[in-house]
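Provided herewith is a single structure, encoded as structure tokens, for subsequent inquiry.
Labels A, B, C and D are assigned to the chains in the order they are written; within every chain, residues are numbered from 1.
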Amino acid sequence: MSKRYVAVCGASEATPSQLDAAREVGRLLARSGAIVVNGGYAGVSGAASEGAAAEGGTVVGILREATREGSNPHLTVALPTGFGEARNLLIVMAAESVIAIGRGWGTLSEIALARRLDRPVFALDTWDVDGLEVVKTPVEAVRRALEAN
Amino acid sequence: MSKRYVAVCGASEATPSQLDAAREVGRLLARSGAIVVNGGYAGVSGAASEGAAAEGGTVVGILREATREGSNPHLTVALPTGFGEARNLLIVMAAESVIAIGRGWGTLSEIALARRLDRPVFALDTWDVDGLEVVKTPVEAVRRALEAN
Amino acid sequence: MSKRYVAVCGASEATPSQLDAAREVGRLLARSGAIVVNGGYAGVSGAASEGAAAEGGTVVGILREATREGSNPHLTVALPTGFGEARNLLIVMAAESVIAIGRGWGTLSEIALARRLDRPVFALDTWDVDGLEVVKTPVEAVRRALEAN
Amino acid sequence: MSKRYVAVCGASEATPSQLDAAREVGRLLARSGAIVVNGGYAGVSGAASEGAAAEGGTVVGILREATREGSNPHLTVALPTGFGEARNLLIVMAAESVIAIGRGWGTLSEIALARRLDRPVFALDTWDVDGLEVVKTPVEAVRRALEAN
């Protein structure tokens, strides 16, 4: 079976419960063998990376900046781009499905770009816009994100 | 005084009243001497381009594809990018303020990217998300977009 | 007849004779009605822009940075990208043919990307690599660049 | 010690001896623990990926297209971009040093972009341009690429 890629998108500033959810999503994706893609810094990306790394998963951070400075320490592969917010498209392009946690304009741009590219978006305590699959728990988010691939 | 750049963002499929609004926005921006930036194809971009061109304005279309095929005939400058939806960032990056008309995931991505870059977004019959400046008419949209520069 | 787009590529640090050539190329392209595309800063881009603007031509600068700061004052349209050197691809993508003047790694990347995209490159005192059309004068460069469209 | 990233750049059409060299470079980089970055398709990228994968190394392919179709089967992580040749910048941006093998315009663009970004380029039977570090063997290329980090 080919590898599954799932993006975990969310803001760098998140609530404790959003960070807990991101960590749990990372753990569950890694256990299932999926590759986790995210923005590579702190906040939701950092927590998802931490969870995935704790389970020995592969985590790819696609960074906004042209260097690796400030990226979280849990990434298997850290890719500086120097593309600023255009890297948001790369994150969702690399993913077959997207789990969005928390708010922030960057997160909303990833949600919109993912939907524009026809990737399903599983929404866990995030922006309330039509066209997303609202889920209640990390377990449900991961199960449905993997089924969607 | 240096030139002002205003992006007009909106879906390729739009209602007649949205197209009328886009055309009027284009006309008013051109009369004020602003450079109009948009996605360069039909729909809201096409109507805004048509309006601006009718007033002798400068219109820049930043195209999704690697060729100029399918771009509207009203563009002063048509720029193929081959970057797909990443060109949405280029549109808002080039603008000091953004007028959003109508819906569509591409439009929502432009709204979110614009706000992420701290550009004010003037919302004329578009997505209902917090953080936008809701306006009622093309006149109000253009007046406020120009004041915001 | 549709508009012709010609890129003028060259280093920010150029010799006086390279700058003279760039200025003359800009003038000749503008007189022929072609749209000049370049990197938008000083050096070869600045001189080509100055020449084209002096003849009332349209000049598009596709900037490396996310702001217009440092762009030359002769641009009809200045487009900040924030894409760094990836904007080099946008410059050659927008052009049907390329005139390269002077050296510099950025210029070589534009030459290579242009050839990769099958754009003819007219080489006026630039890198000596196989596969370019070597020309001797601005007049010859412009004549052949326009014929190639 | 933090991970080292080395790009292996080369054409999709390569001679048997270039492919052998790429395979050996991949093997040696993986044995040293470096992460190999390349364009992800066949030719030099495919051979370098094959060599690295045979030694259990981590290989990242940054793809030109918007899907994974046509990517080689040896990649640990395959990243579709849809950015066309702009992904060449991402390959060299991700690398601390670059090993170039064989010719092709894409390869020359990567060489030029790498030098523009001040990455050392180790040249193994590739374009003959000033400013590269010419090496004779895969062993020398890898040794010097790793020392350069």
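In this text, a contact is a pair of C-beta atoms (placed from the backbone, for glycine too) under 8 Å apart; a residue touches a chain by one contact, two chains touch by 3 or more.
In this text the structure is predicted, and so the values were computed from the model without any measurement.
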item: Copy pair chain B, chain D: interface residue numbering same or different (half cut); value: same
item: Maximum centroid distance from chain D, chain identifier (CA atoms); value: B
item: Averaged-CA centre spacing for the pair chain D and chain C, given as whole angstrom; value: 30
item: Rounded Å distance between chain A and chain C, as computed from the means of their C-alpha atoms; value: 40
item: Residues of chain C whose C-beta touches two or more other chains; value: 66, 82-84, 86, 89-90
item: Touching residues (chain side chain A, partner chain B) in the complex; value: 83-86, 88-90, 105-106, 108-109, 111-113, 115-117, 127, 129, 131
item: Chain A-facing residues of chain D, complex; value: 35, 58, 60, 62, 66, 76-77, 79-83, 89-90, 93-94
item: Complex interface listing, chain A residues touching chain C; value: 66, 82-84, 86
